[in-house]
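For clarity, chains are labelled A, B, C and D in written order, and residue numbers in each chain start from 1.
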């Protein structure tokens, strides 16, 4: 194998990197090596430490301990720009391109070549160089095409071309295939292979294990902030990788629930379809039941929640809440029917950061405090908000004069939960309810969920932490590419099976991958 | 309410450490503008002794009133992070429409009902233009600035054209006494105009501070996404803000028209600077989510105070322009520093 | 920390700046008069304001000035401020003849004499004195001279008029004077363009340029004010119609007001006639009226400046009465 | 559905041109003088000052800012030119005007880019300060320009009227600056996403600052051209000029939110507005409807733009089932 007849030193070596956030250790000594001309697959569940490791490599964060070296030199980038200059290109899922500029302009935006003494862009040179770069990434487009007119996959290739222009030695691709069509994926692989042959090292982060197996010579599996194993592709297969990713469940403590799901259906979804987002999604949630939705990044988990809550339009399908059909779903109509929706984007959709706790909590149900013609009973609202704040164990009782932005992440999330509890929802859709909050706050959230269910509410729980979904749910649905790919009863919960279902191929028939 | 309380709270925490913290708290408080008004008045007394007379203060009060009414509407619109440039055209159009209805030389109506009907029509003009602005913004996805720029040109032009059908000159005169009395009569010693403005201010304050709509307005201004996800009828809220702004401009038009006893189509043409200036001086932010009636009252007071003293001194127009422009810049700079100061900690 | 100091400094500076500027304009004790114009948009107003101010100062008055920038509401506030300031008289130029009436009433109530300079208010029961030129007659006489010139030259003439702000009675009267004159010569002169200028030079320029485009054969022009002369000159030059009397391309041109530029054009034979308002006489009438009213007398409500038409024929004998010529002479000598 | 969307967007994109065509057809059928070369020359000459202003405004709008002070800059530099530079040869006069107006633009730029004041308020303040100073130096009286300047209006270069030459020169320079220099392309990047541009290492503040300088300088240039045309300026000179400029730029497809548009659009917008105004005169329309027609055109153009960006936004959304969309 090529990887065995390697050069005498690795291109990049990472040794014992540790990192803590707010006193919580997220990386417990991550080590791996990347050799010139190889692609290293980096896999692991959400929260296993992939992103943090890559952010450290890309200069976004600085490690607490350990060392890195790049081509034999000590490598300790203080900023993304420094990392870029050292030859590490990080291509994020959210691309950093200007859609209003052409391909070539995006390639050279920071360092346009000028023509001799005059300050004009040397268009001829730019065009020529852009063509070369585009040819290298196999993108047969005029360099003058606006990036805004490109498909997602094409934009990604432009980003790669940009990395090539910067003469990157190491290319980090973060979930590069999730938003690509199969043909675009094939093309990406061809380019990756070409780059390898030129000696570029590639770190390929993906949940799509088939893709990883297809393009990477070696695979490193991370779990709980540490490397569980690195091996050659030939010695691995998808089930083996999954079992390495999952390991044994550890210490998550999920409070017991005393009640069983009731008979009546709280939420009934039938044939929900929106082109490009969801396809023929049907399921029920009963009162007093927690249904978990498990899926990988880009599987359409959050998108499904948004469709149900009426934030995005739907083409066909029906939604019923406690027997009432939502005719034209909008947040207002959904709320009136008894739905509540905790968004994954707390900062931009969940809270008014510049408003007080009371104002945030009251927002969902001001009419409940209506006095006379449209007035708000301020005292009643304050009292109720105070009660809710105590119920969710908010750190402060100064609900009137504490701004949301001054709270910690966990407390912010409690405010979001409180504001929805104000409506006493029949069905509570929770999208990543514990993202970015500490362990104690997580426990509180779990407790609140249980209490809600015990009182007859239904919960639709979306989480990227499979532990959480398994610990809380009565039933688990798996989703991939906007389709439901599996359903598991509590008695039949099995991590590997669930993960396998979440990775089940969907969509148009995939070409056979050798 | 929110920001200032947070500020004073933060300042409280740090109080006692050094003297400048107390000064900072004061500068950041909403009473800064009021204090500046007092300071300014005291400074001016040696130069314009009349400033200490009751009559001048009556003038200041009366000059403030119509401007304050327009500014109340602008405050509401700025709270939702919009802007309403069309208030000037609304004032002008409402003025000539109202006058054309009630003028006693060949108006549409005569008798005791003429004046109330005319005033109702004026308010309707304001509400209608506000509705058009609001619908264009919420339904056609147009930026408030461009919408109201277009409507201000359109209805400003319409006002001038409209007048030609009702008068051989550019204004409409001979309004009923009942209407004119708004401009020059008192109720229990208080001019009617003041009563109207104070009532409008109290109502707007009530709406902003105590009603559901008020909370929706702030929520939409702070973050329309969050508001929408929380079930706030964002479009209706934006629509209401522009309708309210239009109606308040029309109400101001009633006071202006009554004061001049004449409907003229260029009535509001020159007051846009004063309107936006006064609201911004008061501390309302152009970025939305922040604004209070009392701030606007202080802002209007400050602007009118400057205006009045300069008038009393016979200062030329250009001095007035330069000073007003500088005051607005200073207020904006103060606000930027204030936000930065808040943002840093 | 620095920020806060800076904030304080800004506040202090603002107060200080506002506090010190007015010191320059502080008036001394004694009698005071307020001169409130709606703008100083042309030399007529600049000269009028200057003459009134000089004259009043000469007579021992302190003068307070105020410009409303065509905002009647603002002017009303200015009048009230002047009343509060207890001035001894107000000379005013309003924008709208009707909107000024509440201001007259307020002055009446405070017993402060008010004189309208050059623009009369609308009819009302309020008492004030207006000094006005006999616009209609002056315009008619000047245009009549041009009409006769046209008739003599023979052939058909296409006429254009630049009309002022329709809310200004003076503009209306000048338009009517023009109409009266040309209607007497309807066999020779046809009016093809009536250009509204709203007393705005940009609009006048664009309007005339477009009118010349639409009617390239315009050869008779009347402007309701001489302050538009630069724009007219430019428009005619661009249309290749700027030629002196005698040239076949010459446009018979009648002015109004009696500006220095008008005199120059007459001298250079580009302008045929000009209706002249007697500025010196009008300022004298206004000042006399104010003083009489202070003494308790009640002058006529309207004091007329008969004015006159200066033409190529009577230019030499009449020019001494033309304020524009006087100003020009002063400028040249000093 | 997708291709239908694209067609709708294309239609919406073409809407201003269709509007222009409609104006030409309507006025052309109402008057035979309208569709003549002489009249179009006339239109371009009259549109020249607004076109130059709009080109300057485009720079500022591209960075998602706004400049309300351009009319005041025109007036103030016009006063300087007429009052103090009467005797100098016009090229020197023009240079002084350009330098002075660029400095005024720099004040705006500093207030906005470095002191962080919202551009709307900052330039509203400088608008009044500028007008106040101009009124004080001119005593609000008319300011006359000497023959050396007013004769420029009739000057031609190879038979082309000077105003058209001025617009052409400004247009070409602005176009080259925006399209062919690193600065120009970075203006677009900053306007599209200031944070991303800063992250990418672009000097966003400096770029915004220079856009205000350019807007100021071109306001001076526009004032100079219009001075040669009207021969004298009064205190109402330049009032509302900022709105004409913004309207022209927006009509030509420049977004108020930055990053989209260009100087071609500004030129087109100015011509569209002037063509409508000219047509109304030619058909001898009631002068009172002029502002109504102009406002109506602006309204339609902005509404079309709003719908278009709404549709684009929907198309920009990321999909998880891309094969269903492509």
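We adopt the following convention: contacts are C-beta pairs under 8 Å (C-beta built on N, C-alpha and C of every residue); 3 or more make two chains touch, one makes a residue touch a chain.
The model shown is predicted, which means the values in this text are computed figures rather than measured ones.
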item	value
Furthest chain, CA centroid comparison against chain B	A
Pair with more cross-chain C-beta pairs in contact, given B-D and A-B	B-D
Separation of mean Cα positions, chain D and chain B [Å, integer]	30
Inter-centroid spacing, chain B versus chain A (mean Cα positions, whole Å)	47
Chain A and chain D: spacing of chain centres that average the CA atoms, whole Å	44
Separation of mean Cα positions, chain C and chain B [Å, integer]	34
Set of chain D residues in contact with two or more other chains	140
Multi-partner residues of chain A (each touching 2 or more other chains)	none
Chain C, residues touching no fewer than two other chains	67, 69
In contact (per the touch rule at the top): chain pairs	A-B, A-D, B-C, B-D, C-D
Chain B residues within the chain C interface of the complex	20, 23-24, 27, 32, 36, 39-40, 43-44, 47-48, 50, 53, 55-56, 59, 62-63, 66, 164, 168-173, 183-184, 256, 259-262, 264, 266-267, 269-271, 306-317, 319, 323, 326-327, 330, 333-334, 337-338, 340-341
For the chain C and chain D complex, residues of the former touching the latter	39-43, 45-46, 67, 69, 196, 200-202, 205-207, 209-211, 213-214, 227, 230-231, 233-234, 237-238, 261
Chain A to chain B touching residues, read off their complex	311, 331-332, 335, 341, 343, 348-356, 359, 362-367, 370, 374-376, 378, 401-403, 406, 419
Contacting residues of chain D [partner chain B, same complex]	66, 111, 115-118, 120-122, 124-136, 140, 243, 246-247, 250, 256-257, 286, 288-292, 294-296, 298-299, 302-303, 305-307, 309-310
Residues of chain B that touch chain D when the two form their complex	83, 136, 140-143, 145-147, 149-151, 153-154, 156-158, 160-161, 164, 273, 276-277, 280, 286-287, 316-322, 324-326, 328-329, 332-333, 336, 340
